[in-house]
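Alright, structures below, take your time with them.
Two complexes come next, and they have one chain in common, chain A, joined by chain B in the first and chain C in the second.
And then the complex of A and B:
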């Protein structure tokens, strides 16, 4: 038991270390990651400002910060095993004694660490450029942020298992998913609650995405000084989603791994 | 004549690359979802901000719908030459193209034209779809001129913008000959710069000088203005001015880009980097 948990932690650390070093040994990665979130924050921030309502500009900057993590989940979590399969790394994972869940969690933690610099740069640049009004409840912001990332990366782990079943279409699926999920999750505007432009049925559907709940709670905590007592339902929902997605990720990974072994498709290059 | 054949063959390769992994309808739908979401996001941001500020103007929704749909259109096909080179280096297609009797330029032009047709269709569909969705969720009548003439003018503007976008694409391709990593990140920068500097969502006058002056002279800005004149404001004289500016500016830009690409290609040959693998 002790040996197993030690192996699990070592595999986690190893996968996280590789991911973190890949970015911090190549600072250009930060420049690569910051492009989309920075320009979309500035563009939509200026759009908010041009309507005459500067107080909502913060929504665009917060959106830019969180879109960095969503992009990382999609491109570096969900489709990671697809790239790994292409270069022959995935079969190394499977034949090694390293537990797959440890590799997934290590990949997630590494992804979070790697995305933090570009998210911080978007936050600093946005704050310097627009100086949006804040009214934060920092404890609630911190807790919501942590739980949102946890459930978002748990979703990434589940998607990474599902992507094993896909080939070249993984890229197209990512391109097709990025914007609609941003729209439904209300990355740049409230997509659930009183200010939502969407009908109730769409809001219910959007609430199934952890990013939707997280963004709503973050906006309340950061701009409307709502504390833990106001957003505790969001936090419970995020915790439940995170746990459920982790469980699903583990199940789907096992299922698809077995399918891949049976059909002999694990080491098949797709291009 | 044989160059035309090369371009047509490259158009076919481009479509095969984009849709070969699935059936054309699914592939096309997958390519349409993202622009629809992007156009709706921008219009909802405007609706939310302006409703709260009490400045909501339905004609400004049309302004944003057209701008958001068209900047994504330019972004979608301007990076195709760069993508063709980086993918081609990785899959050894590009060195094959390079040693074939034809220059790589017709190959890149063909790939861009294939993507132009696809993204023109997806942008127009996303514009129409977003228009109806926006009218329904904002519960407002959004002005939009939809006549055979206005649609023809819009198509004319799309075609007039091809040289400028091709110029941008070829310029990025010239850079990609030298790049061996991270060139795949260029599209995010191209899309972001177009969003901010090409009057996609707000007038360039909002930007501080000299950024506003820079945005004002870009052919892409004139293209989006021409498209708005065609389907929102309806001034034929303003449309003609913007289209002519976009076309002439685009041709000039294309000439400079082709020169830069030829230079990059020669340097690539000399330095032996044409088949350097992308990592």
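And then the complex of A and C:
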């Protein structure tokens, strides 16, 4: 194997390992990660069940699973480099030969692993409490889930690069993005298609968010047995979005690194 | 081996770096040139705001120069950063670069992977570095549980984990207790001597430079004022410094500027004893007599006076006319 590929893989694995171990060495973090999506989906599940919308109960549980990943992308991916910059870790990355794409992909894979316990708990508890009606096409579900995560974390990488340009505003940006994206992407209810409560223009805008496309495809595949032939446009859209965001993240990172070297903003940190 | 036969590791020519602030353009480096060779511990000494950190950031590829050339191992830091990064490492005394919930060992392993080290090699290096830095018993503690001193030892170990040819250190012992600082200095000397590593040290700690540096460049307001071995720099002053304790407070020492042979002076006030301690850099013995006579002529009382072995502080005073602390206040203003 070429030297560059070895370095890329080692850096990726190491960054993933650090992310996973950091969370699993601090049990409180696991509890925090599980708490929010679990209680939100149970709450909505109870509401849907009590109002007779039984088919929507499954949407609430699926939403709880996917919101865990969205929260992880926003809070642990997007603003990570900002925090790394504050303590001097970003300088360590930059002055090493490790490719920044390896660090970003490692961070993403670590984030996925860290979020799995929360997603599994919501899925198991939801199924035990509510036993929602399922009519799955498992191949389509698996492929959609993988592509949704890929494009979601590609978006995280893109945001991560952009956040380098920000200072303390990073946290406010997260706050500002979290709820609107959750609403528009229809995590707990269909936000695009025939059952959407939004006007067409909002649906078009919402479709630019990978999570929206992923949620719609997952609902179709999990609850309405739609196979690959029915949701292939969703899958193409997710692949294109993921690829484009990955490319954009890599370009943005290079551009911002160069800008930081020119303007002297890479090493600004809290003392 | 003659010094010019040793490999040239760092070469800087007429380096300039400007920063744009809202009010004005700040010149952090103004025409800096220097050469550093294999196995040297090279100190850049200057007060806060002199341009030391800017120089280190340029050499370690974190910052681009406005003009001039900087080469590390022959690679241009501006156009070939990837090649530079493969042979250097850096650490700063003000960083806290480590993951809190990972052990010191885990952190060091992680950093080794950023250089693509096979795990076995990384483990052997961690073992060696931790022995040299007295970290053995702390390797399995989580990073946040380590004291400042041990965290800094981890940081120093990190800076050597990739077996770099050149290590850039920015105030590596700042805020550390005497014993920790001493053990880090011993480690640096050993690394330079035994492994031929070049250590580029930016600091405002004169005792540190005196203790470990083969050569030192004194920098102020972005310019290198002089560069030589610490011994030669101190020797260049000729006579030992004069220290006078004068009272009553406040003292007016303006007369010293007019005394022939006085190269500069620094003052510190001892409120408790009601006197000022004045350190005067003198050119010759005759100048000492004139300075002491000037105290009486100015209506002040000379409480005591003595001669003091020349330090790098006096070298700085002789070049700038002010001490480090006064200069830092000026820069701050």
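Quick note on the criterion: the second predicted complex is superposed on the first by the 267 of 271 C-alpha atoms of A that agree within 3 Å, B and C clash if a C-alpha of one lies under 4 Å from a C-alpha of the other, contacts with A are read in each partner's own complex, and residues count from 1 in each chain.
We take it that a residue touches a chain if its C-beta (ideal position, glycine included) is under 8 Å from a C-beta of that chain, and two chains touch if they have at least 3 such contacts.
Predicted, not measured: the structure shown is a model, and the values here were computed from it.
For the composite obtained by overlaying on chain A, chain B and chain C can both be accommodated side by side without a clash. Rounded to the nearest 10, the angle made at the CA centre of chain A by the CA centres of chain B and chain C in the overlaid structures is 90 degrees. Residue contacts after overlaying the shared chain place A:243 against neither chain B nor chain C. When the two complexes are overlaid on their common chain A, residue A:14 makes contact with chain C while staying clear of chain B.
After overlaying the two complexes on the shared chain, residue contacts for A:133 are found with neither chain B nor chain C. After overlaying the two complexes on the shared chain, residue contacts for A:142 are found with neither chain B nor chain C. When chain A is checked against chain B and against chain C, the one touching more of its residues turns out to be B. In the overlay built on the shared chain, the residue A:6 is in contact with chain C alone; chain B does not reach it.
By the touch criterion defined above, A:189 lies against chain B but remains apart from chain C after alignment on the C-alpha atoms of chain A.
Applying the stated contact rule after C-alpha superposition, one finds that A:27 touches neither chain B nor chain C. The least CA distance from chain B to chain C in the superposed model is 7 Å. With the contact threshold set out at the top, residues 271 of chain A are in contact with chain B in one structure and with chain C in the other. Of all residues in chain B, those touching chain A in their complex are 21-22, 27, 30-31, 33-38, 40-42, 44-50, 52-53, 55, 64, 91, 137-138, 181-182, 185, 188-189, 191-193, 195-196, 200-203, 206-207.
Contact residues on chain A toward chain B in their complex (touch as defined above): 28-29, 31-32, 35-36, 38-40, 42-44, 46-53, 56, 60, 167-169, 172-173, 175-176, 178-180, 182-183, 187-190, 195, 197-199, 271. Taken together, the chain C residues at the contact with chain A in this complex read 19, 54, 57, 60-64, 82, 85-86, 88-90, 92, 94-102, 106, 109-111, 113-117, 142, 158, 162. Taken in their complex, chain A has these residues touching chain C: 3, 6-7, 10-11, 13-15, 17-18, 21-23, 25-26, 87-89, 91-98, 261-262, 264, 266-267, 269, 271.
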